[in-house]
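The following blocks contain the structures, represented as structure tokens.
Shared chain: subunit A. Partners: subunit B in the first complex, subunit C in the second.
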Partner chain A sequence: MQNKQKKVQSKRKGAFLGVTPAIIFLLVFFAAPFVVLLYYSLLTIEQGDIVSGPTLQRYIELLSDPFTYYLFGRTIGLSFLVTALSVLLGYPVAYLHSKLKNPTLKTIILAIVSAPLLTSSLILTFGWIVILGKNGMVNNLLISLNIIDEPLKILFTMSAVIIGLTQVHLPFMIVPLVSTLQNLPSDLEDAAADLGANKWQTFWQVTLPQSIPSITSGVTLVFVLAYTAFTVPSLMGGSAMQLVSVYIWNTVRSLAWDTAAALSSILLLTSLIIISIINFVSRRLTKWQHS
Partner chain B sequence: MAAQLTTTPKADQNQKRRVKKPFMDIFGTVLLVILAIISLIALVLPMLVIVIVSFDVGPFLRFPPEVFSFERYQAIFELNGFVESLFLSLRVAGIVVAADLILGVPASIALVRGNFPAKSFIIGFLQSPMMIPGIVVGISLLFYMSFIGVNVSVFLMTISHIVITMPFLTNITYARMRSADPVLEDAARDLGANRWKVFQHIVLPHLLPGIIGGSAFAFLLSFTNLPTSIFTAPILDVPMPVYLFRLMIYNINPIVAPIATLQIVLTLIILIIGNKTVGTGGLMGIE
Partner chain C sequence: MKKLKKLIFVFMVLSLVLVACAQTAPTEEEAAQTEEGAATEEAEEITLVDFGYTGNIQTDLFGAYMAEPFMEANPNVTVELIGGVSEDAIAQIKAAQGKSPIDTMLLGKPRYLQAAEEGWILEIGNEDDIPNVVDVYPNIQEQCSPGAVAWTVEIIGLIYNPDLVPEPQSWEDLWNPEYEGLVGVVSPSSNAGFLFYSMLANTYGSGEDDLDALWAKLDELEPFVVANNPEALSQLLENEEIGVAINWNTEAAVSLTKGYNVEFTLPAPGGIGQVGCYGVLKDTAYPEVAKAYVNTALGEDFQTVMSQAPFYFAPVNKNVELTEDAAKILPSADQYSSLITIDYGLALPIREQLTDEFIRRYGQ
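Moving on to the complex of A and B:
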């Protein structure tokens, strides 16, 4: 008995040794830098040198500037639009995948969904530049159909950023939905059909409510990724359509590190608040499951 | 009579519903298929277009191309600094995967088999870099290095890549480890195998698909990372994504097309490796 306890204890100690290197690494290179970031947001830094601090000066400046609200408001609004579009475009793909019987078609859909997931967003952005550019696919198509005479300016507008962000993050919406809808027991849908519900009603009252948890994880993921995305807005937005991340990048480049640190903290804080709101709403919507 | 009167409107209603039924069903199905097709086309379109324009010629991007040539592929090798960037990215990604494995695999085994306090807190902590945007990880490491007085270097970029990729690899190996049967390990131990033998013959073979899939994914994440590298990469020694970003940001250089095509091919290879080992969902940490 005593022997056994000893054995368990030695196992316990040895096991903790396994996690220690990873924990130390993240403490030194992830947690500590994060503390420095928060500390920098309280300082006054000129040309990369600390001048004075710590004060709340940077936050007061930012929060009394209407541009800050405009910048964050625009980015948040745009990210919600991207999230809504990816639910609208992503759900049908996952639903179709769950209803198809042909295994080849199913594999093709999964391959189409996972290829952009693993392709870097830089590459996808380049593709959209070819599609939406002045001499691009959309403009040449519209001109050859005689719909327009002059190429439209699509690239470097808000629409381009929305299209790019939606496509890049769409797979993050589809993948959790595919695994949920795939594993949804068909009994409930059959029962609804037996009770006289048509497909439309069954979808709205049986299938959709059951997929709310995975819609929530998709929505959270897409929102956060779109809100903090850098590649698409920096290359497709142009200088007129700056979003928070691109603005922060420019602030770091102009060596206003204190402001960049404060903006990064606001970015993180706002995304945490929005994630909590999304999860709160989702829990409200799925109350029937918990009770 | 009264009963009949009440059933008539009911029957009417039933009939109305029956008329409505097929319409809404057809409408719903058509809408569903249309939306699904739009999104599937949008998902592949950028990649298809890149492959097509990579065979075009000339200093500008256009679609559709008018010729078919390998000119742009040949021009890659004349690009100033391209080969250096490519090798830098490959080297960094290799070191990152090795470091991820050294840190992540023991951690995931310990988290499944070990019995120590605050386990869920530790799991949360190990996953936390995934919740923080790439640009914030990059900026905070940049400021940290300046704070402790170290210059931006390839070392810093490598560190930043380990921070952002390790949670993904750990997640994949952790999920794999959870599906391993502890009875097999106990049996081996009872038969006199030491710790290393148990790891070598029981744990490792079971973890292997997760290790391969996770490594491939971590490699890809490091090889293609832009938002973090843009802050942590040295100005002169830039990795591939930053190199490509510079070719794209002010004036688009069409030479990006063949390079992007080659990267798409690399991605497809990794996708196949991932599918064969842990499944596409497994790569994303979904069981």
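Moving on to the complex of A and C:
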């Protein structure tokens, strides 16, 4: 009995030692800098110099400023819109992929879906700038089809930011869905069909509930990435785009580090809260579907 | 549970160490080491970090005509050129708390004033430190004295596409209907934007700090496009997203060199001028090498090259004569006095407020 306990303890020790480098890495390069960020948010900094602190003054100022709520509300709204578009555009692709029998076609779809991950979002964004510009492909096509007379102003609008963010983050929705739908036992759908369910009922009552966990993963990933995105909004929306990340960037450039640190902390906190809500809703949905 | 407690303990210790590091000022010992380093810098292998422009200007001008000749003349010195926006460099300098990662730095006038006031540059604006300063126009050098040396005059004017808009004769023309929706500006967090908005506040209000007058005038200019930085604004003009850009003359030179259909003009009553200063960081380990390096920027050779195609930086060395091409973009020595200058005493204290309110008002 004692030998067994010793073995278990030894295994645990080995496992602990195995994860130690990762834990130390996270502590040094993520958690500890975050503590510094929190610390800076509690100081009064003028032109990059620490003047006084600690104080909650920055948080009080931000939380009593209606613009802060507008800024975060707008960013959250935009992120949910991008996430919803990613689900609507990504699910059919993943579903189609799971239904295809031809492995070459499957590989081609997966390659197209994963392609944006092989390059930086900066390059993708520059591509969109060319496509959506006044002399870009979209405007040229619409003009040549006599749909419009004058080029549309797409760049430097919220629409451009939504298009860019959705395209850049779409793979993060599709890849987890592909993985789940691919491995979904076909017996379940066959059983539903045998019991008289039509294709829509089978999808709604069998396939969709089974894929809720991977939808949750995709939604969480896309939401967080869209919520904190900077490159796409700043390049496709301009530096005056009223989104949290762009506003933080402008604040840092004004050397108001305390405000920037406080905003960053609020961004992280709200991220965590929204992710928790998404997970909670997902669990309830799964339970409801099972019942 | 014990292990968790240990982990939390390690995390707390690490955090405290990081927080402490973030605030640690250089010790006397470190300061002494810096002094000692300066004394022996002639013999040792040295890497000098120069902060300035990015892209072609960095490699083709500062790299080819300043850093490389300097390294050939001083084989123990390696010059590392890094570029970006000055705000980021200042953030690095301040975050380093006395261990500056940068040795020499190009400073726009607002940043020079900040550096001089906060004391993070050496006072080098004299003949003993920088011998070539004697060839610089005195009225220009005095704007970077005593902390730094003037190496160019940066000029903000209007770059426009003649196929899209007529040539603007004055700043006021931008409010005419033919420019509506075609004007591009830079965010006030960038110097080009900051100087333009300061000029507007002064021209149409009681001074550079009259933000109400500025907002009233900008409201009339809407809609306009706001770019991140001067380079991004140039790209918008090149892609014909806008017809006219309020931007540096050097950006016009870059677009012209690339063959874009743009022209540059200094609208009435004049372009906005800002002296470009070159500074040596106070915390540099190699002050003498840094001064010698900055001295080459004021030399006739470098000043001649930088004033010509494709760079077109306004020279400050009075021995340099402008070529015919350069004279179209750069003001002559006599014209320097007609440039609009900004009262930084009024403008700088409200810069943060200006940037913040600008985003709130004109952000999308």
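Simple rule for what comes next: the second predicted complex is superposed on the first by the 256 of 291 C-alpha atoms of A that agree within 3 Å, B and C clash if a C-alpha of one lies under 4 Å from a C-alpha of the other, contacts with A are read in each partner's own complex, and residues count from 1 in each chain.
Simple rule for what comes next: a contact is a pair of C-beta atoms (placed from the backbone, for glycine too) under 8 Å apart; a residue touches a chain by one contact, two chains touch by 3 or more.
Every value quoted in this text rests on a predicted model; they were computed, and no experiment measured them.
Q: Superpose on subunit A as described above, then tell me if subunit B and subunit C fit or clash.
A: clash
Q: Is A:117 touching anything from subunit B or subunit C once the two structures are fitted on A? First, second, both or neither.
A: First partner only, subunit B.
Q: Just subunit B (first), just subunit C (second), both, or neither: which does A:133 touch?
A: A:133 sits against subunit B and subunit C alike.
Q: Considering only touches as defined above, state whether A:205 meets subunit B (first), subunit C (second), both or neither.
A: neither
Q: Between subunit B (first) and subunit C (second), which does A:96 come into contact with in this model arrangement: first, second, both, or neither?
A: first
Q: Does the superposition put A:52 against subunit B (first), subunit C (second), both, or neither?
A: So A:52 meets neither subunit B nor subunit C here.
Q: When the two structures are overlaid on chain A, which partner does A:276 contact: first (subunit B), second (subunit C), both, or neither?
A: neither
Q: State whether A:30 touches subunit B only (first), subunit C only (second), both chains, or neither.
A: first
Q: Once the structures are superposed on A, label A:16 by its partner contacts, choosing first (subunit B), second (subunit C), both or neither.
A: both
Q: In the overlay, work out which of subunit B or subunit C sits against more residues of subunit A.
A: After superposing on chain A, more of subunit A is contacted by B.
Q: Clash-wise, after the superposition, say which stretch of subunit B runs into subunit C: 146-154, 164-172, 182-190 or 218-226.
A: Clashing stretch of subunit B against subunit C: 146-154.
Q: Based on the A-chain superposition described above, do subunit B and subunit C contact any of the same residues on subunit A, and if so which?
A: Residues common to the subunit A contacts of subunit C and of subunit B are 16, 23, 32-33, 36, 39-40, 48, 129-130, 133, 135, 234-235, 252, 257, listed in rising order.
Q: List the residues on subunit B that touch subunit A in their complex, please.
A: The contact residues of subunit B facing subunit A are 20-21, 24-25, 27-29, 31-33, 35-36, 38-40, 42-50, 53, 60-64, 102-104, 106-107, 109-111, 113-116, 122, 125-126, 128-129, 131-137, 139-144, 146-147, 159-160, 162-163, 166, 170, 195, 217, 220, 224-227, 230-231, 241, 244-245, 248-249, 252, 256-257, 260, 263-264, 267-268, 270-271, 274-275, 280-281, 283-284, 286.
Q: What residues of subunit C sit close enough to touch subunit A in their complex?
A: Residues in contact with subunit A: 3, 7, 10-11, 14-15, 18-19, 22-23, 85, 87-88, 90-91, 94, 114, 118, 181, 186-187, 189-190, 225-229, 232, 239-241, 351-352, 355-356, 358-360, 362-364.
Q: Can you name the residues of subunit A that touch subunit B in the complex?
A: 8, 11-12, 14-19, 21-23, 25-26, 29-30, 32-34, 36-37, 39-40, 48, 88-90, 92-93, 95-96, 109-131, 133, 135-137, 140, 163, 166-167, 170-171, 175-176, 178-179, 198-200, 203, 224, 227-231, 234-235, 245, 248-249, 252, 257, 260-261, 264, 267-268, 271
Q: With touch defined as at the start, can you tell me which subunit A residues reach subunit C in the complex?
A: Contact set of subunit A toward subunit C: 16, 23-24, 27-28, 31-33, 35-36, 39-40, 47-50, 67, 129-130, 133-135, 153, 155-158, 234-235, 237-242, 247, 250-257.
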